[in-house]
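Shared chain: chain A. Partners: chain B in the first complex, chain C in the second.
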Partner chain A sequence: MNPYVLTTLILSLGLGTTLTFASSHWLLAWMGLEINTMAIIPLMAQQHHPRATEATTKYFLTQATAAAMILFASTMNAWTMGDWNINQISHPLATTTVTLALALKIGLAPMHFWLPEVLQGLSLTTGLVLSTWQKLAPFALILQISQNTNPALLTTLGVMSALVGGWGGLNQTQLRKLLAYSSIAHLGWMIIILQFMPALTLLNLTIYITMTSTMFLSLKIMASTKINSLALAWPKTPTLTTLIMLSLLSLGGLPPLTGFMPKWLILQELTKQDLPITATIMAMSALLSLFFYLRLCYTTTLTTFPNTNNTTSPWRLKSTQITLPLTITIILTLMLLPITPAITTMF
Partner chain B sequence: MTPVHFSFSSAFTLGLMGLAFHRTHLLSALLCLEGMMLSLYIALSLWCLQLEATMFSAAPMLLLAFSACEASAGLALLVATARTHGTDHLQNLNLLQC
Partner chain C sequence: MALTSARLLTRTVHEKWICAHSLTLRPLVCINKAAFYGEYRRPGQAQDRTPPWKKIRFSFAKGVQGIRKHFGLLKDEAMERWVGPQGRPLIEHMLEQTRVQWEFRGPESLEQWLVSTDREIGGRSEAYLKLGRNDSACMLYGTLCSTPPRDGETCYSGYCTLRSRQLLSSFDRKKNIDWSSFNTLYIRLRGDGRPWMINIAAETYFSHQKDDLYNYFLYTRGGPYWQDVKIPFSKFFLSSRGRIQDNQHPLWLDKVSTIGFTLGDKADGPFQLEIDFIAVCNDRAHTEEFAYEMYKRNPEV
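The block that comes next holds the complex of A and B.
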């Protein structure tokens, strides 16, 4: 792609998210979301193969529908209540519609069907942008309207997302689809705590973005998109393979790693709010997700590929890819749990 | 609910229902999206006419500009889909399901 065009598109991506962050008026927030969608569409469709085109079409249809629903709900709110402020939206029909539209935008459970298919059709870099940067603008709106939304709706969305994210990933062999289902499950955890403690939603979003960046960047270095190509990774990059195993366990939320922190704090807050049944369902749904992370760990590190090559690692060229972002995110993914008190004071 | 209110919300809802349930051609989906945006345009312009909010009178134009961009992106995707899949039937977009 032409470097000028690429620069314009990346700057527009930044502009859209910034506009949504900075606005208090629904129309400006909607314009930010639209700029975001318009800017990523050429990046998604730049390879001309049928899968990329199909993923772009599906992404465009869902995002355009969600954006139109957001603007419709805010217009209804302005007609009945006379107010365009984002955090003043108060008509119950309008708040429900906006919540459902934002759930469609980020891919929460009853509206999640586009996310695995779209992510499967993209390159790993664009998939990284889609599952990290594109989540920020909708989450800014969700956090601003969180005090006015229906609590039962939020709980339903959260529990369904965590369960569907766990169930859906069980039968997948494609890594990008697995990451999409893991994204759905993590979003469920973020939404379930939204009405009680929005700061924890933000904390969970930050940590999820760090962990999923680690996964996408390391998969990009190994250029693998299927589980069976991960099984070849051990003779190729032994260090990275070990770190990938630990990052997967961190995504699953096992204790000495970072991924345990948001789950711990969320379960603690749910118990404090006297919701033991919700907390139990969420903890059990984390087991479903943990199963497919563990299966990935098993094929990545615990199996040896059946070939005759008995050397520990074969001769190979030094990789020319930039590894600095991966280094930073991998450290954050693995080692943040001991400084949990310092991090909770930041949010 | 005033007649104006009813008319634009039912227009939007009809567009949304068409987009959600009439899934044969990509072109009809794009037309439904365009209908939704036009009903929103009517809603916004009538809102600022009724409340005489002159500060807000640029908003329908902004909405129209953005919906034109969206429609052109949709048509470009229609062309791209026709070139890669050979048709604009939505049921042919099934390469990524498994």
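The block that comes next holds the complex of A and C.
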């Protein structure tokens, strides 16, 4: 792509998210979301492969629908309550509509059907942007309206997302789809705690972004998009293979890795709020997700498959890819649990 | 008399109003599906204007049978999730290096295939499918005739095709085949020396992609010996409605729908093709990703 065009698109992505962060008016927030959508569309369709254009079209349709619903709900609230302020949305129908619209934007169940297919059609870099950066702006709005949303709706969305994310990812052999279902499950955890402690949602989002970035960057370095090719990655990058295993266990929420932190704090908060059944269901759904993470660890690192590589021993040349972001995200993915008290004071 | 002529005049005016507004009213009243989906209609054939409710053939027994069948399939799908991908343990998926996808070992195997010729557009070719000797292979045979139909529109004719049926899961949802562990198509066949074309259709979601096919040539050697054909998937090129596309892309193997064989070599006369099985395999020696140039044409300065 022309570097000027690429720069414009990336800066537009930043502009859209910043605009949504900075806005207190629904119209400006909607504009930021639309700028984000429009900016990422050319990046997604860069490849011109039929599957890439299919993914781009699906993404555009879902995001445009969600944006139209947000506009409709905010206009309805302004008409009935006379207020365009984001955190003053109080009309019940408007609140429900905007919650569902934002759920469609980020891919919460039952509005999740687009996410695996879209992610499967994209390159790993664009998939990384879609899974991380594109979630920030909708979450900024979700956090601002959290006090006015229907608690039952949030609980339903959260539990359903955790279950669907675990169930859907069970037999995936394509890694991008697997990470899409992982994303849905993590979003469920973020939403379930939103009504009780929005700070935990923000913490979970930050840690999720770190862990997902680790996974996507690792897969990019290994150039693997299937379980089969990941299973053959051990002679190419043995250290990264080990770190991928630990990152997957962190995604699964196992102590003493970073991923345990949000799950622990959320379960603790749910228990404090006298919701033991919800906490149990969430913990059990995490087991489903953990199953496919463990399966990935098993095939990647813990076993050596008899499948042969194309060469007997691949040359381990110095990589030309930039590895600094991966280095930082891996350290954050694996080592933040001991400083949980310091992190919780930041949120 | 005056009353009759007044009624006639009114009716005529009313009819004239309907005719004048038919262009705007008709799309609102009845949606022309053929216009939306680009369905082929033979020249000279009248458009099917039967309203949808008249096409319903209600049968209670068939409905109950359908419910039983589809819920059974749904239950199987739910249960096979506990086993592994596509209902097999993951270890099988990981270690698989060959897979026979279609083989012809009994009459039920012929049910998975569709035969069609240019007879649908008014041509005179014929094609039939039957099981070979000892139920061990299928034979596609017939006669090709390239005389175009005399409808004033069609210029070319003379083809026949054998295509696998789209696999369906519960509630008639499309099911795709995952060939991502493989990189080569392997067919054991015996032809009559004619050149065929292999068409692989991948899953397409939007209507503008529905005619996208990935093609490659199949040159058969006539003779008593069976022929083992190995074609890497990297050799398949993209075409749409029979036209090879300028922008070429490799075939993505995670969602394959159907495979087909087409004969259209403009040689009138009988033809015959026997297929033993169609399989896929993983040739570790084949490292090519795509055989055709994907460079950017007309690069920006």
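Things to note:
FYI, the second predicted complex is superposed on the first by the 339 of 347 C-alpha atoms of A that agree within 3 Å, B and C clash if a C-alpha of one lies under 4 Å from a C-alpha of the other, contacts with A are read in each partner's own complex, and residues count from 1 in each chain.
Going forward, contacts are C-beta pairs under 8 Å (C-beta built on N, C-alpha and C of every residue); 3 or more make two chains touch, one makes a residue touch a chain.
These numbers come from a predicted model, not from an experiment.
When the shared chain is aligned, chain B and chain C each come close enough to touch A:H48.
Contacts of A:T56 after superposition: chain B is touched, whereas chain C is not reached. By the touch criterion stated above, A:A231 is placed in contact with chain C alone, chain B being left untouched. Contacts of A:Q120 after superposition on the shared chain: both chain B and chain C are touched. When the two structures are aligned on the shared chain, A:A78 is found in touch with chain B, with no touch to chain C. A simple residue count on chain A separates chain B from chain C, and the partner touching more is B.
In the overlay built on the shared chain, the residue A:Q174 is in contact with chain B and with chain C.
Of the two partner chains placed by superposition, A:T149 touches none, neither chain B nor chain C.
Look at A:L27: by the touch rule set out above, it reaches chain B but stays clear of chain C. Judged by the touch definition given at the top, the superposed model places A:T299 against chain C, while chain B stays out of reach. Within chain A, the residues touched by chain B in the first complex and by chain C in the second are 48-51, 54, 57-58, 117, 120, 174. By the touch criterion stated above, chain A contacts chain C in their complex at residues 2, 48-51, 54, 57-58, 117, 120, 167, 170-174, 226-228, 231, 295, 299, 305-308, 310. Residues 81, 84-86, 90, 93-95, 97, 178, 180-181, 202, 204-206, 209, 212, 238, 247, 249, 252, 254, 284-285, 287, 300 of chain C are the ones touching chain A in the complex. Residues 27, 31, 34, 38, 41, 45, 48-51, 53-58, 60-61, 64-65, 68-69, 71-72, 75-76, 78-79, 82, 116-118, 120-121, 174, 177 of chain A are the ones that touch chain B when the two sit in their complex. Across the interface of their complex, chain A is touched by residues 5, 9, 12, 16, 19, 26, 29, 33, 36-37, 40, 43-44, 47, 51, 59, 62-63, 66, 69-70, 73-74, 77, 80-81, 83-85, 93, 95-98 of chain B.
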